[in-house]
Every structure is written in structure tokens, then in C-alpha cells.
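Each structure below is given as C-alpha cells.
Look at the two complexes coming up: subunit A is in both, with subunit B in one and subunit C in the other.
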Partner chain A sequence: MAEVKLKEVTKKFGNFTAVDRINLEALDGEFVVLVGPSGCGKTTTLRMIAGLEEVTEGEIYIGDRLVNDVPPKDRDIAMVFQNYALYPHMDVYNNMAFGLKLRKVPKKEIDRRVREAAELLGISDKLRAKPRELSGGQRQRVAVGRAIVRDPKVFLFDEPLSNLDAKLRVRMRAELAELHQRLKTTTIYVTHDQVEAMTLGYRVAVMKDGVVQQYDAPQVIYDQPANMFVAGFIGSPPMNFLDARLVEEDSKVFVQGKGFKLLVPQDKLTDEVRSFIGREVVFGIRPEDLRTPEMVREDRTEASFPGRVRVREPLGDELIVYADCAGDEVIAKLDPHLPIEPGQEITLIAAMERMHLFDPETEQAII
Partner chain B sequence: MKRKWVSTLLIHLLAWSLALIWIVPFFGLLMTSIRPLSEVIYGWWRFEEFNPTLSNFVKAWNHPTAPLSQGMRNSLAVAIPATVVPIFIASIAAYGLARFTFPLKNYLFLTIVALMTLPIQMIAIPIFKLMKDLRLLNTFLGLVTVHSAWGIPWILFFMRNYFTTLPIEVEESARVDGASDLVIFLRIVLPMCVPALVSAAVLQFMWVWSDFFLALILIYSPSKLLATQRIPLMRGVYHVDWGVLSAGAVLVMIVPVMIFAFLQRYYIKGMVGWTLK
Partner chain C sequence: MARVKEKISRSLFIIPALALLATFVVYPVASTIYLSFATGDPPFPANYWAVLSSREIIDARGFVRGFPLGALLHNFLWMLIHLPLTTFLGLVLAIIVRNVRGSGVIKSSIFLGMVIPMIVGGVIIRFMFDKDAGVVNAVLGLLGLTTRSWTAHPESALLALIFGSVWLWTGFSMILYSAGLSTIPRDYYEAAMVDGATPVRMFFSITLPLLKPITTVIVTMTILWELKIFDIVYVATLGGPGGASNVLALQMYFYAFRQFDLNRASVVATILMFLTLAAAIPMITSVIRRERR
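Our next item is the complex of A and B:
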């Protein structure tokens, strides 16, 4: 086991910068997730750690060793690919044993490790099957098995679940989490799925355009997004962003937009927020932080604003409402039992203690 | 509904006529080879008398001046190495072109592809001279060398295209598992390419086996003549025994047909493989 450290790592393909001076550290035994939209550089980063891409600039350390010029086979890592990348002409047993054979591990030891891994992953009865005879989930297990028999210092996962159907994905996700609990091997996991990122990662690095936007624990990323990109990327439906202005009246500060004027709670009024008084801001509020008067007992006039329902999406456990608020679209996640119909006028109450403000120019969070 | 019926009929008619045009000459050859000369002298399609016999085959096999038995042995001695050697060389080269980057790579590949358009007749004289200078005239080694050289460009082209359709992650996975380039090529890539290798082998073998032109230029000792060179020699100066001639042709044909029949399963996979990703 080992920690992984990236220092100012850059990757350029010709003139295109895929990864731009990123710094990242995965502690020994930590499960780190790189998440972002396609083309954000997360897979390139992982491939540089694996040694499948050369590093243009910067340094990568595994343990205390600088590995920039170390070939993949000597980095003591194992990688699981999105399309499993099993050897199609070998059976399951030999797929898992291949790496050990190349390392001249004694036959008995290979046999023990392969059977142990197969047992752990529930594929003991498939050891003689060829990859094409297996289902997607079984193939995925073989790919994971191939990684764990090697007992490497670091596991690298490149979107390992995205080829599975939704139900299986949820199950494999839990299995991967359990596996990590048991093996405690440092893991770096790439995905575009925010649910995978939130559920699996001890820490999550949200990436965009080759830059790490925020690297923190999942709950921190959700509660205190560093900028509008992170705020919009994590959370579903995404956070509402409304153009507004901070105004002060009678020593109270309000965030005022086209169709709303909401009181900013006292404890939110940091010096930085105050410096924006009289200026344009972007007001951010998550759909789950919007309520209707029926859902809130006390009077919250200073946190409410009107809207007209355009679309309703009942999901059973919740109701997603797309409302038009003086020209702004606002998405709210409401109680599914509320009698809300399209065209209806409603009042939305914002949980202002969970409001966000962003600088419209830099898109960075103010609070 | 009616129009569909008519078009189906037309398609069937067309297909059957094409098939007939294709099959009739072969059928004639087969008929001529299994009947005595007296029966076929006025045309193989006359069946007033029909006494099938294998004597033509025996005669061709043991022909006094140009025995096919020896010719087939010679042909195999040329065709097998002239299939294995270029496939091995071209596969390695094709893998390099498909997976590695090096200066002028694309120009090199283009040159190789351009060489494929060269008609073999154009290089007959230079080849003859070269082989003469190398003292490889009238040797199987010389003929194998020329066939190998001639086969490499198209096999390289074919294999490179096949390699580019293979998922690169499998090779990367092997690399992470600890395999060197050579191990990846021999133990991962080649086994994944069996259909393509078989396709290339079948085509190259058939080409070498049925070749007449290069053999005619490079091989001239009677004992070294290949099977294809012996068929015209079975024709006498004053008398042509069409039965023996046809039997010889059928015998020579049997080898590639059998190879194709046995390997057809892989062959089709290989041909389809690189069009379907």
C-alpha cells in the first residue's frame, strides 16, 4: 500500500492541454474519486498515474518513488478498464493468473491467490469459462479479480461500472465499496457519475477542462461548492442559479432578482458578502432547499417568492417542479403528495441558511 | 405485394444465372476429368455413354514427363514457407505501424500501400536479374523470397487495419499486468487475431499455389517444376488428352479448395472482423 501524489502535473497533446498543472494526493488506503464531464482530463490523469500516458510536466509519486519514467509494469499498480479489457482467448483463471505468471510467482501461490479472489468475487464456478460466455457483471468481477490477485500498491479504476445496466451498477458499486473496506488498498477511481463519486469517495476531485475545481470530502463538496461549476455538477437536479443583486435596506441585506427579494440571514453576512452589496451576484439555491408553504409551519415571508408551475415530474418519493419565476426557470424538489398542477401559481420558500452566492465574473463562491 | 413477388423472382433469376455461368465451366472440367477421352471428345455435355473412371487422375499423378505427384510436393515446399514467412514479418511490421509512433510513419505506410498497385509483370525482368545475381534462380528459396516480398505489403495493410480495430485497452491491461511489447504481441495480440491471420494465410497460400507467372520466370529444371507449371506440359505435341489435362487441373485445385473449406469459419470471421467494430 502507498500514497499517490501528483505535483503540478500537466499533459499536452500537441497544442491541446488535457490536464493543467493539477495537484492531487491520495493518502495510504484512501479511496479517491475523480469526477467530471467527458473531456475534463480525469481519464488522462488516471492513465498518467498508470504510466500509459507520458507526463508532459510535473511529478507523480507512488509511495516515495518518483514514477514519471517508470514503465507501468514496475509501478506496482493494477487497473480496471471501462470495457473490462479481458484477454478474450484466455479463460477466467488464466485472465487472473496472467500477471502473476509474468512475475514468475510460483504456481501453487498463483493457484491460491486466483481461487481466493474468485471466492471473494463469487466467480469460483466460472474459472474455466471464456470471457465471451460471461455476463457483463461477471466480466466486471473478473476484471476486478485480475487486479486484486496482484496485490498491488494502488488500484486504478477507469469508469468500471458505466457499461453495466442501472440495477447491476448499484450492486457492483456497493460491492466495490465493501471490497475496499476489506482490502484497504489505495484506490483512484474515475467516473462521470456523481452518485458513484459521492457514495464511493473518501475524497472527491471535481475536474473541468483539465483543472481540479475542488478536492474535498463529498459532503463538503455538496454543502460548500467552490464555484458554480461544482455547484451545478454535484446534485440532481442541479442547483438553481438566478441573476440577482445584493441590496441593503434598514441594515438588512437582501438578495434581489427579477421575481424575488429574499432576506440574507445575519450569519451569512461575512465581510466578503458585504463587499458585494450594491453589486451583481448569482444566487444559488438547490431544488431540495425549496419548499412550499404547506411544507413549512412558520411564517417565512422574507424567504418566499412566487412562481407558475410549467412542468411537474412525479418520481414517487419526490416531486420535481419546473416553475417560471418572472422569466427565470426554477427547479424545486417538493413533497410528492402536494396537489400541484401545471399552470398553477405557487409560492416557493427558500431555505436561506443553505443559500449560495457566486461572483458572476469569476463564478467563484462568495459563500 | 405483387411487385415484391416479381422483384424476388427477378433477383432469384439473376442470382441463378450468375451462379450457372460460374459453375458450368467447372462442371465441364470435372466431367471431362472423370470420363474416358472417347466419351468426351464430342463434348462433355453428351451423356449417351457415361462410365466414370479415376484413370485420368492416376495418369496425371504419374505422368511420364511431368508427374503431378512431384509437382504437388514442390508446390507445397514453396507455398507453405511463402505463406508463413510473409505473414509473420508483415504482422510484426503491421503491429508497429498500428500501435507505435515514429518519424515518417504515415509516409512509410503510404509507400507500402502504393507498392501494392504495382503489376507483377512490370518487375519480372528486374526480379529475374536480381535472383540471378543472388544465385537464387531455379531454387525454391528464390521463389519463396519473391513470393514473400510480394505478399508482405498487402498482408501488412490487411493486418494493420485489423489491429486498429482491436480494443487497445486489452494491450494496455497486459502492459499494466507486466508484459513487454514482445509478450503482448505474441501472447495477447496474435491469439486475438487468429481469424485475420487465417484469412491472410488462406489468400496468400491460394495466390502462391495458383501462381504460374513467377514460377515460370524463376524455376526451370524439370524436377523442380511446380504443379501449375506441369499442367500445360501434359498436353502432347500431336495429341491432347483432355481427360488427363482436366484431371491435373482438378488435382491442383483440390488443395486450395480443401484449405478454404477447412478454414472457412475463421476466414469469414476475419473478413467480416475489420469492417464491424
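Our next item is the complex of A and C:
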């Protein structure tokens, strides 16, 4: 067990900066997820922690030890690769035992640990099978098993679920979460899937262009995104961004766009928000924070705006509506039982207590 | 019923190919085997006895006096030296060249030996080992060692050809191993690194086992080439001096076109065919087994 600390870590490939001065800390026993679009530097970061990639600048600590120049085998980490990297010519048992054999662990002890891990992962009957005879989910389990038999200080996962079909992915996700609860080993997990990030991470680092955009608990990231990138990346469908302007009338502040004029609640009017009065802003509202009058009891005229339905996507438990609001596309997640048809005029009511404002120049959140 | 019909109609499409095979492969093979047995006086295997007991094929005196040992033993000696050397060198070169700048140029120049016609290769080998013109002697001379025309002396002619052919053939195993190495995902090595494997351990636990199919192909193709070797011997030494570098294929040619003894030539051809079959069958079965998976 150990904490992992990255201090001002930079990785350059020639002139290209893959990771740019990132600071990150995973506490002892914590499950940290690095999430971001492809090319954001998350895998490079993980590989630097593993020692598979040299650090250009900065320091990486595992426990109290600076590991910049420590080879992977001496870092006491175990890694699960995206395509598992199971040795195809070895059976499951030997795949899991390989690392222990190299460490000269006594045979009896190897046997005990491999069987224990196989038991834990439900692959005891597959110990003599070769990787090609296994299903995707079983291979995944073997890859995890190979990591846990070593009983390392830190687990590193590089998109371990991305090769599985959707159903299996959901199941393996839950299994990984359960496994972590049981083993309590510090884990760093890389994924591009925001659902995995939200469900697995104690804390989530959202990355883009080699920079950590926000590092916080999943709910905080969802509720208070630091900037437009994080706001748009976390949440599905993504947050609506509408160009607008803050205006003050009769000591009330409104956010006014092409097709809407919405009252900003009193408690949102911080000094910073006030400083934007009379200036351009980006108004952000999540699809799930939009309603129709049928869904809201009280009168909310100061939070409503009109739109015309372009496309409807019924998902069973919810209805996604793409509406045109004076030229802006607005996505709303509505009650699936509402009789909404394409071409229809609707009124959308924004839950203004959950509105977001961004500075259009810096794209940073104002609230 | 429909399926049976479909199977029959599918089979019809292979008939042209089968006909060609029958005309140009099966018939000549069958008639060669027939010729190898056919002779005026029974019992039929008389040809075999005559050929196998002749000095051209196995020369028992050679064990006491040195070369020649007979064509069959020369072929075996060729395999014994050439096969491990080219396989090993090819693998080593493929690994070294993998992470080198300009590896394309290096690989191409090593592979050149495979590209040039073997007849030309034979001529080059002859000159390589020549006393005055050859690079081998130039190097030996620099080291202060004896120089001589190695292909002109019975005790060294065959060995000169074998080592020359190592130069010609190493490119083959190197190219195949290079291709094989490039198919091993980097992940395996990284996983092994994290697992704690040293480079040597990675080579023996990952690289070598994963190259096994390639090794099978290389070993088989090399054995086949060594058994069928003809052209370089023909132009470099013509099997000489005094049969000291003679090989089976060349002996077959001598029987057929110098002595016009087609029965004996067919015997050698048949022996060669069964030897090559014996070498090729394990590879073919392993390929089929892999395809079934």
C-alpha cells in the first residue's frame, strides 16, 4: 500500500508535449481515474508511473520513494494492459505465476496465491487453458489476476474494459469496484469512458492536451465543472452551451441569448458574476436540468424559453429531445411519456439553480 | 440434397487445377519412381543397391582419408553446419537490426544474397575463396593466416561452399525473423518488464516461444534448400575436386546427362524426393493444425 504523487510531471516526445506539468496525488488505498479524450496524455501519464515511459521533467513518488529512475520491476506496481498482454504460449496458471517465478517466490507460495486469485476471480476451472481458448471477460479476469497475485503497492489499469462488449463492460466494472473494496490497493485507472470514471473513481482527473483540467470527486466534477471542456465531457448527452449576455434590469440580472431571457437566481449573483454584467458569457445548462411545463407545477415563466422539436430519441426511461431555439441547438432530457413530436413547438424550463456560466474567452467557469 | 449438389459443383471447379497437377507433378513423379525401379534384371531394387553402394553417394573410404565422403553425406554435412548457423545468425541479426537507424539498408544488403540468382552466388563464392581475388583470403592475409584457393582443395572445397552459402541464405532467416519479431506486440515485453523479467529472460520466455512458427518455417525451408542444393556447387566447383564437394542433386544431373543412366538418376531423384517430403511434412501438418484452430 502506498500513495502515488506526481509533481510537475512533463513528458515530451520530440517537440510534442504529451503531458504538461501535471500534479496529481493518489492517497493510500484510493481509486483514482484519469479520463479524457484520446491523445490527452492519460495513458502516457500512467506509463510514466509504471516506468515504461521516461519522465522528461518533474518527479514521481510511490510511497516516499522518488521513482523517476527506478525500473518498472522495482517499483512494486502491477499493470493491466488494454489488450491484456497475456502471454499466448502460456496457460492461465503460468501467465499469473510468471511474475512470481521471476521474483523467486517459493513454488508452494506461488501455487497458493495463483489459486486464491483464480478463486476470487472465478477462473479456477480455467487454469490450464491458453488465452486463446478464453472469452474476452475471462481474459480480462486473468489479466487482473496476474496483477493481484503480485500483491503490489499500486495497481495501474490502462483502459482495461474497452475491448469488452457493452454488457460485459458493465459487469466487469462492478467487479473491479468490488475487488478494490476488498483489496484496498491504491489504484490508478485510465479510461476514455466517463461512466467508468464516474462510477469507479473516488477522485477523477479530467485531462485534455496533457493538462489536468480538474481533479475532484465525481459528483463535484459533475456539479461544478471547472471549465467548458469538463462540463461538456462529463455528462451524456453533453451540457448545452448557449452564447448569451448578462443584463441587469430593475436590479434583476438576466442571462439573455438569441431566443431566451432567463432570470439568474439571487444566490448565484456573486461578485464575480456581477462583474460580467453587460458582457458576453456562455450559458450552460445540462439536458437533465431542462423540463417542460407539464413536468413543473409552479409558474416558471422567468426560466422558460421556446423551441421547436427537431429530433426525438426515446430511450425508454427517458426521452432525448433535440430542439431548435432561435438557431441554437438545445438538447433536453425529458419525461418519456410526454407526447412530443418532431416539428412541434415546446416550452423548455431551465432549472436555474443549476445553471452554469462560463467566460467565453478563457472558457473557465464563472459559477 | 442441395448441399451434396453444391459440394459436387464446387469440386468441378478444382478439376482444371487437378488436371494440371496430374500432368506436371503427379505423372513425372510417378514415372520417375517407376524408372528408378525399372531395369533389365530383377530383383527390382537392384538400382537402389547399385546407387547406394556406389562411391558417389556414400564413400566409406572418406571416413579414413577425408573428403570426398559421398554426395549424400555431403548434403547431411551441409545441413549440420548451414542450418544452425543461418538460423541463429538470422535471429541475431534480426534482433540487432530491429532498433537500428537505417535498418532497411542493412537488411536489404544482407538480403541481397537471397535476391541474386544462385548461379551468380556460386560464381561469387568461387571468387570469394580465391587465393588472389577473394575477400576471404584478403581478411585471412591481414590476420597473418594461410591463404589459398579454398575451393580448389578437396579438404576445404565443401566447407568453403557451405560457409559461402551461409552468406547467401542468412538474409532469408533474418527477413522472416524480422517479420516475426514485428508481429510480437510491445505489450508482452512491457508486461514482462513490469513482471520483473530481464532482457535475457524476455528473450527465452517470450521472443523465442512466440517465434516458434517462424522457426518451423525457416528450418523446413532451409533443410529443403540444403537438400536440393545444386547451382552454386555446379558453378563454383562442379562437385570437385575429385567429388569432394559433390551433392545429391548434382550427382543426379551427372547420372542423367553425363552418363545418360536415367535409372540411376531416377533413384537419386526418388531418394531426394522422400528426404524433402520427410522434412516438409512436419511443417505442413503444423500449418494445417494452426489453421484448424
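In the analysis below, the second predicted complex is superposed on the first by the 367 of 367 C-alpha atoms of A that agree within 3 Å, B and C clash if a C-alpha of one lies under 4 Å from a C-alpha of the other, contacts with A are read in each partner's own complex, and residues count from 1 in each chain.
Just so it is clear, a contact is a pair of C-beta atoms (placed from the backbone, for glycine too) under 8 Å apart; a residue touches a chain by one contact, two chains touch by 3 or more.
Just so you know, these numbers come straight off a predicted model, no measurement behind them.
Participant: Overlaying on subunit A: subunit B and subunit C, fit or clash?
Facilitator: clash
Participant: So, A:R132: does it touch subunit B (first), subunit C (second), both, or neither?
Facilitator: Touch status of A:R132: second partner only.
Participant: Should A:F81 be classified as contacting the first partner (subunit B), the second (subunit C), both, or neither?
Facilitator: Both subunit B and subunit C are touched by A:F81.
Participant: After the superposition on A, what does A:M239 contact: first (subunit B), second (subunit C), both or neither?
Facilitator: Touch partners of A:M239: none, neither subunit B nor subunit C.
Participant: Classify the contacts of A:A50 with the two partner chains as first (subunit B alone), second (subunit C alone), both, or neither.
Facilitator: A:A50 sits against subunit B and subunit C alike.
Participant: Figure out whether A:L102 sits in contact with subunit B (first) or subunit C (second), or with both, or with neither.
Facilitator: After superposition on chain A, A:L102 lies in contact with both partners, subunit B and subunit C.
Participant: Please indicate which partner A:V253 is in contact with in the superposed arrangement: first for subunit B, second for subunit C, both, or neither.
Facilitator: neither
Participant: In the superposed arrangement, does A:I110 touch subunit B (first), subunit C (second), both or neither?
Facilitator: neither
Participant: Would you tell me the residues on subunit A in contact with subunit B in one complex that are also in contact with subunit C in the other?
Facilitator: After superposing on chain A, subunit A residues 50-52, 71-73, 77-79, 81-83, 85, 87-89, 98-99, 102-103, 146, 150 contact both subunit B and subunit C.
Participant: Write out the stretch or stretches of subunit B touching subunit A in their complex.
Facilitator: Residue positions touching the partner: 167, 169-170, 172-180, 183, 188, 191-192, 194.
Participant: Along subunit A, where are the residues that touch subunit B in the complex?
Facilitator: Contacts found on subunit A: 50-52, 71-73, 77-79, 81-83, 85-89, 98-99, 102-103, 146, 150.
Participant: Please output the residues of subunit C touching subunit A within their complex, sorted ascending.
Facilitator: Touching subunit A from subunit C are residues 185, 187-188, 190-197, 201, 205-206, 209-210, 212, 293.
Participant: Flag every residue of subunit A that touches subunit C in the complex, lowest number first.
Facilitator: Answer in residue numbers: 50-52, 71-73, 77-79, 81-83, 85, 87-89, 98-99, 102-103, 132, 146, 150.
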